[in-house]
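Structure first, then comments.
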Amino acid sequence: MKLKHKIFHLVEKGSHGSKMNLIFDYSIMALIILNTIAIILKSIPEINSHIRIFLIEFEIFSVIIFSIEYLLRIYVADMTHPSPSKTKSIVKFIFSPYGIIDLLAILPFYLPFIISIDLRFLRILRLMRFLRLMKINRYNSSLKLIGEVIKEKKTELAMTGFITLLILLIASFLMYDVEGKVQPEKFPNILACFWWAIATLTTVGYGDVYPITALGKFISGVIATVGIGIVALPTGIISAGFMGKIENKKNPVQKCPHCGKNTQP
Amino acid sequence: MKLKHKIFHLVEKGSHGSKMNLIFDYSIMALIILNTIAIILKSIPEINSHIRIFLIEFEIFSVIIFSIEYLLRIYVADMTHPSPSKTKSIVKFIFSPYGIIDLLAILPFYLPFIISIDLRFLRILRLMRFLRLMKINRYNSSLKLIGEVIKEKKTELAMTGFITLLILLIASFLMYDVEGKVQPEKFPNILACFWWAIATLTTVGYGDVYPITALGKFISGVIATVGIGIVALPTGIISAGFMGKIENKKNPVQKCPHCGKNTQP
Amino acid sequence: MKLKHKIFHLVEKGSHGSKMNLIFDYSIMALIILNTIAIILKSIPEINSHIRIFLIEFEIFSVIIFSIEYLLRIYVADMTHPSPSKTKSIVKFIFSPYGIIDLLAILPFYLPFIISIDLRFLRILRLMRFLRLMKINRYNSSLKLIGEVIKEKKTELAMTGFITLLILLIASFLMYDVEGKVQPEKFPNILACFWWAIATLTTVGYGDVYPITALGKFISGVIATVGIGIVALPTGIISAGFMGKIENKKNPVQKCPHCGKNTQP
Amino acid sequence: MKLKHKIFHLVEKGSHGSKMNLIFDYSIMALIILNTIAIILKSIPEINSHIRIFLIEFEIFSVIIFSIEYLLRIYVADMTHPSPSKTKSIVKFIFSPYGIIDLLAILPFYLPFIISIDLRFLRILRLMRFLRLMKINRYNSSLKLIGEVIKEKKTELAMTGFITLLILLIASFLMYDVEGKVQPEKFPNILACFWWAIATLTTVGYGDVYPITALGKFISGVIATVGIGIVALPTGIISAGFMGKIENKKNPVQKCPHCGKNTQP
């Protein structure tokens, strides 16, 4: 039972100040980062076979560690997710957000042994472990603040998104009629025009598709200018959101701590 | 008469909590979205003829539904747009903003049967029905807030627009003299230079036209840098606008703590 | 003398509500805009000779009007710019900002008759007349507000500019060493690298020059990311400036209008 | 001793209002700027040999001046960096931030005489002298303000950076699977995809790599749109930071109007 307690303290992040705990946390984090770098390096064909073998070995090693960690978390599930029965606790943990993240991060490694399909594209799930990093206490409050602001301004931001979509649609429809006849290979259909519209509104402008007719250039100019407003709107909304948060913190009820009355009667 | 009341409750959105009403609203919305997707898909030449026939059938179906809805709205016009006479009510509805939107959305479908011109480019009018979506109550207040902020800061934003236009003009005139001689095919006239100017100021930068002379590059650099300021100005104005709205909501009256009267009489 | 008064009332914009005055103001404005459009159209070689002749005639016409306006302003200079002597008033007007603008706008037209150099590039001076439009009262306060905010935050914005310049210089120096050897035709010298740096930092990205080495791409990525911050800084500064202006207007001394005491003691 | 005092007053910037001091300060600044321009010009191969010789002579001249300045600073180190012994003062100065900057700016010039490696790439260190310019009093407070805001919002900005990195990684992983097969020469590995991701998210969009598949274009569109949010977040955070600074300055103590005590004890 004592060992179980130790494991519980170990895997539960950020809550206890013990040195052992910190070392465990940072080791797992370092492993997540190194694992990601390994996946990136492995994708480069120029990497020679010696390094490649090392990268594969490192991947196996890190997945084993992640698997052990996952099993340990199942082992202490009755402490982290208290339930009437042990089984319920484990089920609760497995289907908790972090439980799913942890499973998805190791599953792609084991699946090929069971079923014989190419699941390499699932390696992206490994990245989800990065979300674990967010549990670090110091950054937690920042993330919460950002999340709160976005949540509070949800409808305004959604409205901006809706207006943006409408502008994109209008631009695509227009462009299809205007440029579609002149450059049928670049603007063959409305979907292709939508690709141009999004590249223009976000001001990415790769240069693979661009209007050549006078009217097309005019529409393009309007869309690009509107793009500035599309940046200004959410920025303004979010700025106001952050400001509101700061003000709320400063004057929460605005009671005077000395006489108990509100400072703004 | 009872049926008429039911129709009235049905077509007037968001006001009543009945299930029937909600189903009607969301069906129309779904139809608007699906109809738009159908138009987009139909423009893709690779789509095979089976799907194409289905898309055309779906378009006919949706236009019929929209037409029925339009007729129903005319039928209850005396309730939604009360007037001394029934005819006046109908005229009032037909020339109301939403009445025009609804007519424009179905008209392009019927026109070819009457006159024999190619009116396919009018399909863009179908998008106007999207504005109906804005009637959803939840988003209505957000849209109103965004609209109010833009309205309040109208002159400041117009001023920014005017300054932007002046900068674009100056840049185009300069570029015509500087690059027009070296790259006559890319900068043949001031209008073409304006196209370059807008692509640079909005930082889209397709790469179809760009300066090659030292002076041209210098002007381009200045314009691009000014572009950052051009983004900063409206963003700052709109941020301040949203903040002002929040503050007004918080301290609507601003009573003096000494005598209890309003500070802004 | 009565005529002189009338002329004075006519040319002094925005101050009097007379209809005659408004017509004069808007005519001059329309002429400024049309004149600019004429210059732009004249630069297009495809324009046929009939329209070209009309454009030249219109240009002559508008310059004559501007000249008459200028002479009228000289005529009433002793009223608009009161001085001990008539001559001093005229000199005062001619060297006032608007006097210089007005002269520069018509001078390029007359100069070729006196000296025989090609002064067509001076046509850009015609654009300066646009500044006259700013005299419209309604937009004047907005322009003043924008000007005040920029003035107030001058040092912060200059600091941002200085940091930006430093980042551009560092990036150019680095890129010259990194990419200069691999792509000597694209990054031949530090000045060319500066062109790349400014196109990247402002996120224009024409695509005429871009790094191909790994290190070059890394530097480019860093610069582009820094570019986001470079947009965020002035935007934040200007937002705060506009907010401050609004707050100042709201609570100027914050005295209660009823009891005369400050509301925030 | 009197000379030493004079030197001390001379090299310590901004603190004394003497004319001599100002001339010295601005001369050094002008020299820093001219020196940078000289390095840039020297890198242009088209510059003819006469100017090139002049530039090299100017570089030697400016480095000699910087060296004399450095020696003078060592000479008065016991006054600028008071310590028990003269040697300790000099060591203190040499290893102070400005001491290191000054040494690094002149070292690359002398090193080739001692060791025979090509150290031309160290010329970038010359730019560090620009940091000296920041010592000008007027801009010092602005720089401090910007620094404070960034410092205060450090964790929020770091969080934004972390989220950005995660989005970039996810996009790169996805793009490698989607476009890697179709355009293996443009998306050969995840690192190359990361280059595309950063060019898209920052909306630079050089146009050297862009998706051609429908799914790739969809991902690209999402990333570019997210890019707008990525600009909005830090801008909002920094705006709120600047606003907070202004408010703090205005209401530093916040006394209760009822009992007169501070509301934030």
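Here the chain labels run A, B, C and D in written order, and each chain numbers its own residues starting at 1.
Simple rule for what comes next: contacts are C-beta pairs under 8 Å (C-beta built on N, C-alpha and C of every residue); 3 or more make two chains touch, one makes a residue touch a chain.
Small disclaimer: the values here were computed from a predicted structure and weren't measured.
**Student:** As a multiple of 5 degrees, what angle does the CA superposition of chain A onto its copy chain B give?
**Tutor:** Best-fit rotation on C-alpha atoms: 90 degrees.
**Student:** Distance from the CA centroid of chain A to that of chain B, rounded to the nearest Å?
**Tutor:** Computed value for the inter-centroid distance: 30 Å.
**Student:** Averaged over CA atoms, how far is the centre of chain A from the centre of chain C? Could you give it in whole Å?
**Tutor:** The separation of the two C-alpha centroids amounts to 42 Å.
**Student:** Could you please state the distance in Å, as a whole number, between where the Cα atoms of chain B are centred and where those of chain C are centred?
**Tutor:** Distance between chain centres: 30 Å.
**Student:** At least two partner chains per residue is the criterion; list those residues in chain C.
**Tutor:** Residue numbers touching two or more other chains: 191, 194, 203-207, 231, 235-237, 239, 243.
**Student:** Based on the touch definition given at the start, go ahead and assign the chain network to line, ring, star, complete or other.
**Tutor:** If you draw each chain as a dot and join those that touch, every dot ends up joined to every other.
**Student:** Residue numbers of chain D touching chain C in their complex, please.
**Tutor:** Those residues of chain D that touch chain C are 36, 39-40, 43-45, 120-121, 123-124, 127, 130, 133-134, 138-139, 141-143, 145-146, 149, 164, 191, 194-195, 198-199, 202-208, 230-231, 234-235, 237-239, 241-243, 245-246, 250-251, 255, 257, 260.
**Student:** What does chain B use to touch chain C in their complex?
**Tutor:** The touching residues are 155-156, 158-160, 162, 166, 169-170, 172-174, 176-177, 188-191, 194, 200, 203-207, 210, 214, 217, 220-221, 224-225, 227-229, 231-233, 235-237, 239-240, 243-244, 247, 254, 256-259, 261, 263-265.
**Student:** Would you tell me which residues of chain B are touching chain D in their complex?
**Tutor:** Against chain D, the touching part of chain B is residues 203, 205-207, 235-236, 239, 243, 257-258.
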